[in-house]
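Below you'll find the structures, each written out as structure tokens.
Common to both upcoming complexes is chain A, partnered first by chain B, then by chain C.
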Partner chain A sequence: MIPRSPLSLFLKVLMGLFLLFLYGPTLTIMILSFQGPQGGLTFPLKDVSLHWFSSLFQEQRVGDIGSSFRRSLTLAVLVMFVNVLIVVPAGLALRRGFRGSRVIFTLTIASLVVPSILVSMGIGLLFSQTGVEANWYTSGLGAHLTWTVPFGVLIMIGVFARLNPTYEEAARDAGASRWQSFRFVVLPIILPNIVGVLLFGFSLSYDEMPRTVLAGGAHNTLPLEIFAMTSNVTTPVLYALGTITTLVSFVVISLTLLFITLARRRTGAVKKA
Partner chain B sequence: MPTKDVELIGLTKRFGDSVAVKAIDLQIYEASYCCLLGPSGCGKSTTLRMIAGHEEVSEGDILVKGRQVTWQQPSKRGTAMMFQNYGLFPHLNVEENVAFSLRMQGVGKAERSRRARELIELVEMQAYLHRRPHELSGGQQQRVALARALSTEPSILLLDEPLSALDPFLRIRMREELKRFQRELGITFIHVTHSQDEALALGDQVVVMQDGEIRQSGTAREVYDTPSNEFVARFIGGHNILKTETGTVSVRADHMDLHVGGLPSEAGARARLGQVVALEYQGSRIRVTVSENPDQDEARHVVELSDRSFYAAPANPGDAVGISWSAADEHLLAPTHA
Partner chain C sequence: MQPQAPKRPLFERLLPYMQIAPLALLLCFFLLIPLVMIVTVSFWNYNGFQVVPDIVLFNYTEMLGSATIWRTLFSTILFTLTTLAVTAALGFAIAYHIAFYVRTPLMRTVLFMACTIPFLTSNIIRMISWVPFLGRQGLINSMLMDIGLIDQPLDFLLYSRFAICLVYVYLFTLFMVTPLYNAMSRIDRSVIEAAIDAGATPVQIMFWVVLPLCKTGFAIGAVFVITVVMGDFVTVRIMGGGHSATTGYLILNQISLLQYPAACANAVMLLVVVMSAIGGLLRGVDIRKAL
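Now for the complex of A and B:
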């Protein structure tokens, strides 16, 4: 047994504080969302109820939560699939290498350091200058992809670097065409990773704000709607909304992780418990 | 005149500026077991991969059964490869792995299952049809890999270090099986290995490679008895390299004599004096290392004696001894290149 040093204790406390900082606010919001009808934005809880959840689904004086929630979900799902359709082929191409592939890779990754708000502004300007109407499912989608594609490409490069090329050689040896080798060998093997990239795309898009602000057009996505509400709404309905959106994120993440674990178990990438 | 299954003509592979395989010529006869032997980096795996079609040829030609295949798809060459570490598809079970090539050809489900099961029975894996590769031992994976490779009905099976992932005991058993399969199937096996034992035990033809060139090609006995140069003699092991008036010669360690307490008068020039520096008991044999000069590596010689002849006149480390050999056991070596 390694003797415990004061440093190790310090690091443990630091980690504990970090976790508290990370989850404390979310937990507080969750608790306060069950505030009674007479309660306010802060503690103490005056009774426990689902009052604010039900009022969430009624017409609001300010804002249109239902529509923006639907928009955000649709956009996140769109981004999720379009992102994978871009980054998987991109990963394959970058792995094989082609003329200029290093330049393209560097440009893709470097775009991550461009401030989000500038990207958003640029896309917004581009659309307004060309006279095309900016919308969440056009310019907004594009703006979100500028965020998810570089991450996705980075992940896929890592995935393909770990993929043993012997599998593809064995497939070709058995007479598989390039497409068959991808469809029947590569794709099933990297499927858990692809699901990971799907999740990543979804969650990056679902809560993305700076890239939507100036490129998302007239209709708000959920993060923009919530942001607008923080200055107008003074009831715990805001907290109820927070609880629900967090719940959606957790459900998506849990389902994905469950799927990945099952898929990995099938191929023996993870030992059975 | 036996027909040639595989012919390599001036086969060259360059990786950038370095040359991995240097214009080699090789003929492999029909239905034979050929071992490509050499230290790592000698070009043996690259040669095999070029024959398989998984490595592009820089120059030269590959003929399979007299047919030019240098630029053909791997699956169109009549070859099949058994990969190092087997490369079984992790997401498919045993049956699906073996049936994979049939599935790619569009063979119906029932038919491909029937043919896959035949091959799986051939390698005696029928009890594991629905296991996935990670649920199998190394030896079992190898059998499945063999069945999968045979599913394309190749006339040449290419094996890349097929035994290196197995433990020593299993290695010898699988070695026997590979030889048996080769004989029973009547097809050519080309087997890449860095193990001399493996090559000698299996090869009808042993091809010794170094630095991308073939140093010697012949039967296992030819290579062992008459190594053509110093490199081959050293690499194949069990030989002493001795400088004599006629040139550099090799003498098999088990053809050397050990004289405890001085050299006999008739030994003449074919003898050396030295000190026992190591004794290794190997069961049926005793390996005695004698050094003429402890500072020189070339001055070390090995004498292998049967246990009977050793214990008739035993030596101990530190003893002054003589070693000798007869002219008939001497084999003149060609000077080693480079």
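Now for the complex of A and C:
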């Protein structure tokens, strides 16, 4: 270990400030979302109330939050599963190698690094010019997958690179079919990573906005609804919405971390036995 | 080639192609064809009402002759360079602290997760959460006025280039922290021990031993920062208050005016700029090795 010095103290302080910088603003709007009915967008808190949470669900005041919230949740669940179904087989294929794998890999990286607005616009154009109606669960789903799939593929490549092939060889020697060695040997080992990919897919989709903006069709997802609200809503109702959607994200993240820890503990127990 | 090949090897040979098919189809229909579509439409003609298939260079000549387009591109590049510089320095310091000064693996994981978890929450909400700090009556202004440093609230804090850059750093530093931390975790500890034994000071270790070993990490982080900032329109809309523009924002405006071919020409320019920057950065970087 590098010995302590003024540098280490400086870095420690910087780390603390950085965490404050990362979480301070979010915590602040969580507090401000409990503003009283007379309160504004900044401190002081004038009274403490649930006023802005209740006005969130009165449709006329702020637009149709309820349905866009439902759409976003549905889409995120859809993306979450389709993402894994694309990514895990792709990881297996890339691990074995095949003709054209470099092209596919390059395209996957491209899908990540092409600016989102261009993906969104291209998909929107494709649907409008071919006369197919754009919708959040068709073109929108595709647009979200272009964002979630590269992350998933990169994670799977890393996972399979670390997976010791002797386990499968042993299974095959013992008479397991290709499917059995995947189902009963590989899958349990990579399960925590798959849960991670599920979480990533859900969270990235649930908060996705730049790729949906021109590809999502007529009905807004929640981030689009919030984006529209930022230009005409100037009350703490925005903060109330922010508090709720951030809590949704945190619940998903915590559940996933819990699953991963439990799964790791289980495979750990198997390894020891 | 092998007409009498037995059934199983054929299946074995086809298997990777069946496994990759969903990914290939997705990339084809939702990435490749849409991008080809943008390039095609950039050569089309349009009037106030509709877009007409055609082959004209008009959209490009008009774009390249427009001072607004160049000014916006320049401002976008300036935003990108500023963000790159700040996130690289900050990300390096944070990753360095976690990788080399935090002793227990559990604590390292916790701190690393703390830096990455905000990525999985809503960016727009995180932007809005700066309003109570930066506004005319925000926390920063009222604090500065309370301690008597200023008499008038500072206007440049919100709806300004400053606010935009601040939020870029806020949102995108983790794009640097992650690959840099990854690169630092791979550094053989005996290299550090050797440097200590040879009498290197902590600062020398940081800049002369670790920094050069993080090149790949910087490259990957820069790729992410470039792609998100160059293509941004959300932060500029929300934090810029209409005073600033980026190329992405311009494209969105052109689309709302139904000037699709002009927007597409702009998009092609953005694509060329971003892809050449990224291509240059990733030259000689093997992403697969960094996973």
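Heads up, the rule we're going with is that the second predicted complex is superposed on the first by the 263 of 273 C-alpha atoms of A that agree within 3 Å, B and C clash if a C-alpha of one lies under 4 Å from a C-alpha of the other, contacts with A are read in each partner's own complex, and residues count from 1 in each chain.
FYI, a contact is a pair of C-beta atoms (placed from the backbone, for glycine too) under 8 Å apart; a residue touches a chain by one contact, two chains touch by 3 or more.
Everything numeric in this text was worked out from a predicted model, so none of it was measured.
Colleague: Determine, for the superposed arrangement built on chain A, whether chain B and chain C clash or fit.
Modeller: Superposition result for chain B and chain C: fit.
Colleague: Have a look at where A:A171 lands relative to chain B and chain C in the superposition and call it first, second, both or neither.
Modeller: first
Colleague: Once chain A of both complexes is superposed, is A:P37 in touch with chain B (first), chain C (second), both, or neither?
Modeller: neither
Colleague: Once the shared chain is lined up, is A:I189 touching chain B (first), chain C (second), both, or neither of them?
Modeller: After superposition on chain A, A:I189 lies in contact with chain B alone.
Colleague: When the shared chain A is used to line up the two structures, what angle, as a multiple of 10 degrees, is there at the CA centre of chain A toward chain B and chain C?
Modeller: 90
Colleague: Among the partners chain B and chain C, which is in contact with a greater number of residues of chain A?
Modeller: So, of the two partners, C touches more residues of chain A.
Colleague: Identify the partner contact of A:S249: answer first if only chain B is touched, second if only chain C is, both if each is, neither if none is.
Modeller: After superposition on chain A, A:S249 lies in contact with chain C alone.
Colleague: For A:R266, decide between first (touching chain B), second (touching chain C), both and neither.
Modeller: It touches chain B, and chain C stays clear.
Colleague: First (chain B), second (chain C), both or neither: which does A:L204 touch?
Modeller: It touches chain C, and chain B stays clear.
Colleague: Of all C-alpha distances between chain B and chain C after superposition, which is the least, in Å?
Modeller: Superposition on chain A places chain B and chain C at a least C-alpha distance of 11 Å.
Colleague: Show which residues of chain A both chain B and chain C reach, each in its own complex.
Modeller: On chain A, no residue contacts both chain B in one structure and chain C in the other.
Colleague: Using the touch rule from the top, collect the residues of chain A that touch chain C in their complex.
Modeller: Against chain C, the touching part of chain A is residues 1-3, 5, 7-8, 11-12, 14-15, 18-19, 21-23, 25-26, 28-29, 32, 40-43, 85-87, 89-90, 92-94, 96-98, 101, 104-105, 107-119, 121-123, 125-126, 129, 142-143, 145-146, 149, 153-154, 157-158, 161, 178, 199-200, 203-204, 207, 209-210, 213-214, 223, 226-227, 230-231, 238-239, 241-242, 245-246, 249-250, 252-253.
Colleague: Over in the complex, which chain A residues touch chain B? Could you list them?
Modeller: Within the complex, chain A touches chain B at residues 164, 166-167, 169-177, 180, 184-185, 188-189, 266-269.
Colleague: Which bits of chain B are touching chain A when the two form their complex?
Modeller: Touching chain A from chain B are residues 52-54, 73-75, 80-81, 83-85, 87-91, 100-101, 103-105, 132-135, 148-149, 151-152.
Colleague: For chain C, which residues count as touching chain A in their complex?
Modeller: Going through chain C, the ones touching chain A are 15-20, 22-24, 26-27, 29-35, 37-38, 41, 90, 93-94, 96-98, 100-101, 103, 111, 114-115, 117-118, 120-126, 128-133, 135, 137-139, 142, 170, 173, 192, 196, 201-203, 205-206, 223-224, 227-228, 230-234, 237-238, 248, 251-252, 255, 260, 263-264, 267, 270-271, 274-275, 278, 287-288, 291.
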